[in-house]
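Letters A, B, C and D mark the chains in the order given here, with residues in each chain numbered from 1 onward.
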């Protein structure tokens, strides 16, 4: 890590209990501008729960989630509804794909534009010039996003008819449509073949550099993680056990133990 | 004090019937997350079949308790058969469909079954023979609790114990619990999930039929529409207690029975159904998982 | 072949067993008579045998269709392709509009009355379509909003002599308000809980109207409600019917126009997204509470409006008109027509309301057929008679970078 | 496209002419009531009565030398459908209408007949405001109204039974609550009786044990119930179960054989009001005999009233010498007619003079009229 960049997301001592079960145990983590950070760990380590806390789906038991948008004041995300979190500029994808399956690919992305547009009920009924222009803007900008992830040819297909890898990319495009400055990707490469994974690899890098969006990803595919991310955080049994550059992580005995103790494909 | 006791026992009787029907809702919901809207109709069909059997038997000269048992057994068999068929026709083809589909199918089935009985039989109320004998030993307290109420309470109690044993102690019960917790996992370890689902419908329907026969012989009349309101109330009971939870259904049924009984007794029966649904809304707002239900962690 | 035959025989035997007590035996315990209707058994046997063949055939067709869809093929029917053809649509609309406009001039008052009933259900169906079809919020107590509209007009007319035209928007707004008020506590409920609670609300409405004499005149209802006046003139029955007919046509067109615009707007997309996946929907920055409430309230709005018209048409209302069965009929209109599809709902309303009216002889079987149709539709054609027409978008598709800041 | 439009509209025109019809010179008697659905048992007997009357009169040469034609329409007892059927009858040119059966449906339909100037006579709509409000000058009925029934039940309870504490219950329905409201009013007015309980019960509820216990707690000596027989039989059975000695008094909706069958023993000792027993009137017996000859069964509810209404309407046309509205209504109000419910004419409000109620007691599984 060279110079100190602007800190975008700061999580301090995040703890989440479900009944008696402590799924996440005082985990702290930071994401800076321009970074592709990764959160890794064996199955059931609490990574997705961590994501759900950050994005407002769960309200954490303890800890602080602070968002520092550039040029705006810091906001504490604890207890905010998911849509508020998204409005603040933090978008996400899901581990088990959650697309709107009976909508077309384009429409899926258009939904992402919802929180950045504002036509209300009455204006939609009257359908004045401003509304029509906004509609057209939604369509155009959504289509451009499809071009970016390489799905423009499928724009009018139903999203449920897309191949698996394309569905994952569509989720990313949809999340980007909300104009985030930080993107949380939950296992974007799960279920992909090596070719698709390497395409994804490039896509993530492109988003990071070209769009100036910082990325925090959960991933099992170690090759992908080691290739593109820095820093890397490792979780096990709800606790953070290591953090650092890919090299540091590779050499960390705790990490090796955690992974060897669990499964080999990691 | 006596008045309180009267209302309490009246509420318990009514509540235990709700509980019997609510068990069917809760078991089905626990396994396939479906409100089986047609469950109330199964209860009605149970009562109707019992009425027909009892009627035929009386005319051909059988007597008393033997009819009750015969009618009860045949009603249970038929209700189970209807429950089984219902699942096969209306719900199985819709597994994996969007959530609204099986629900609408269930509402359709409920309307269909009501009108099927209406057309095949009659819209009139039919007299149900009073099969439950009046016990002499109950006479001193008959104004507080009569023999039929006693029979209802005892039968319900025994049924519930049997059900608990079935679920807790047998292999089938274990498979049912496994399926309830995680259907795909249960399938992996070799549970025939389709069969377990069918079985759940069969058991639920049998319980509803027992309820139907008890109520019919207590109240003395049956028509095609009795299932609708009973079904809605029992579902409310299941939600109150925590849907998916078996002790919850029993508790929910009793709570609802008491609530209705005391509301009618101490306040007014003008707004009886308003109390019931008010209670439901209140519970759903304050404690969406019900009294005994566990909050299901939504998988994201 | 033999396999199928065996299966059907088994199905047939099973149904004979199943329907035996209810279809065959009819007992009269008082007069000590049992009537055995053995012929019914034969019909059941033959019927279920044939139906089981049909059932398998339909299932295999459905599977074939899903397979085509999975392979990315086009599963749209010819009818649907025709309907998506804009040219055809305009022509067809023109013809239909002319037919509709001359209808009351050609047919007698009775025919117009029936048509008004059907049109009332068209509006109800379109209203419910917003919450059920688009937003996926199953509402089983929709009739309560209809009742609110009807009572609004009846009471305002009775006490303050307010006219139809003033009350029309009031009815809509009150329906809408009730939608919001009822909507609040149930926002957090999931689909099936919502269904049972709304069912409860529908029943509560009826019970309150029956008991709150001071407000609603109880079960005896309110009579002598004024028909809509025509620029201050009272019309004869025949003329008034024609007048109401045209009001109703205007209302239907108005409803279609607005629901169509809403459906294809930012709000409409949010509703559909909500129906498809709640969690993904909020993660996309959509305010779930606001979206749900707006769908629920807008659906209620139409019911309230058309309730006013209903009261002015029948001139008498009592709580008995607002039962669960009414909600179920409106729901079946939406389901049969095609959830989310405006054209489908209109067609559904005409079929379900006009068919029984012209086939009075079979009216006993009406509800039976409704129930069966709801089940069969869900299994074989969940998209309804006419599935939702897809909107097409135009885009330039430049590869150049835009500043979407 | 244009051709198609022209073709269709021509077709529509032809059809509509066929519907409105080639008006033959007949007297048209409309009959409306529930002929399908669960309330059909209340509507079909009156319809059959009209058929029998018309058949007989036509055989005797008709009315004013014209044959009488029946126009039968089903309203399922629903107000919204009743307006449709009324419109249908009006457009089909009915001269007079026998119907409707249910009070709600009648109220909804009456406005339409009023505008079209058609006299309407119901054999069964007992709701008091139908005649007493004065809103419907075209309405007549061959049955007494609910308030008379309630008055009779109350008088009976006070004078014959001598009770001091009365509970009043109803089924929250149009008919039942109307009856209960009047009963309470008359009880209060009498000053001799305390109404200890006034409540609605929910039809279709699983049981009424709480309300029965409440009746016991209030020490009511009599229970006056407004409603129909299914709830009534549930109430009396549960009262018997709970060993209540409270006397059960109810209305015409309970005076039905089903009440006796379903309630069984528990019905014994109950009192109900109902139209006076008219079997001693010769015409009444004759009508019953006619029905039995034609259909081989006992006539059902409102048969005699329906028969009377049909006779009264056709007689008025005959006496008026035309189907003119004013002449016919005048004839109805001035000319006595011999019917199965007695020798009747109608008062200025439309109620038949000379029909009334009696109190019946259930004894040994049968209704016995108390003189």
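Note that in this section contacts are C-beta pairs under 8 Å (C-beta built on N, C-alpha and C of every residue); 3 or more make two chains touch, one makes a residue touch a chain.
Just so it is clear, the structure is predicted and the values come from calculations on it, not from any experiment.
**Student:** Any idea which chain sits dead centre by C-alpha averages?
**Tutor:** Per-chain C-alpha centroids compared to the overall one single out C.
**Student:** Farthest from subunit A by Cα centre, which chain is it? Let me know.
**Tutor:** D
**Student:** Report, in whole Å, the distance between the mean C-alpha point of subunit A and the mean C-alpha point of subunit B.
**Tutor:** One centre to the other, that is 47 Å.
**Student:** Averaged over CA atoms, how far is the centre of subunit C from the centre of subunit D? Could you give it in whole Å?
**Tutor:** 34
**Student:** Centre to centre, by mean C-alpha position, how many angstrom separate subunit A and subunit C?
**Tutor:** Once rounded, the distance between the two centres reads 40 Å.
**Student:** Averaged over CA atoms, how far is the centre of subunit A from the centre of subunit D? Could you give it in whole Å?
**Tutor:** Between these chains, centre-to-centre, one finds 71 Å.
**Student:** Would you give the residues of subunit B that are in contact with at least 2 other chains, written as numbers and ranges?
**Tutor:** 126-127, 228, 270, 272-273, 300
**Student:** Could you pull out the residues of subunit A that touch at least 2 other chains?
**Tutor:** Residues 57, 94.
**Student:** Which residues does subunit C have that touch at least 2 chains other than itself?
**Tutor:** If we look for residues of subunit C contacting two or more partner chains, we find 29-30, 207, 211, 279, 364.
**Student:** Help me check something: in the complex, which residues belonging to subunit D touch subunit B?
**Tutor:** 37-38, 41, 172, 199-202, 204-207, 209-211, 213-214, 216-217, 229-230, 233-234, 237, 241-244, 258, 261-264
**Student:** Please give the residue numbers of subunit B that touch subunit D in the complex, ascending.
**Tutor:** Counting only subunit B, the residues touching subunit D are 3, 6-7, 10-11, 13-14, 17-18, 118, 123-127, 130, 142-143, 146, 148, 215, 218-221, 223, 225-226, 228-230, 233, 260-262, 264-265, 268-270, 272-273.
**Student:** What residues on subunit B touch subunit C, complex-wise?
**Tutor:** Answer in residue numbers: 33-35, 45, 48-49, 51-56, 58-59, 74, 78, 81-82, 85, 89-90, 93-94, 97-105, 107-117, 119-122, 126-127, 129, 228, 232, 235-236, 239, 270-274, 276-278, 280-281, 284-285, 288, 298, 300.
**Student:** Applying the document's contact rule, which stretches of subunit C touch subunit A when the two form their complex?
**Tutor:** Of all residues in subunit C, those touching subunit A are 69-70, 72, 258, 261-262, 265-270, 272-273, 276-277, 279-288, 294, 298, 390, 392-399, 401-402, 404-405.
**Student:** For subunit A, which residues are in contact with subunit C within the complex?
**Tutor:** My answer: residues 55, 57, 81-83, 86-87, 91-92, 94, 98-104, 106-107, 110-112, 114-117, 119-121, 124-125, 127, 131, 134-135, 138-141, 143-144, 147, 152, 155-157, 161, 174-175, 177-179, 210.
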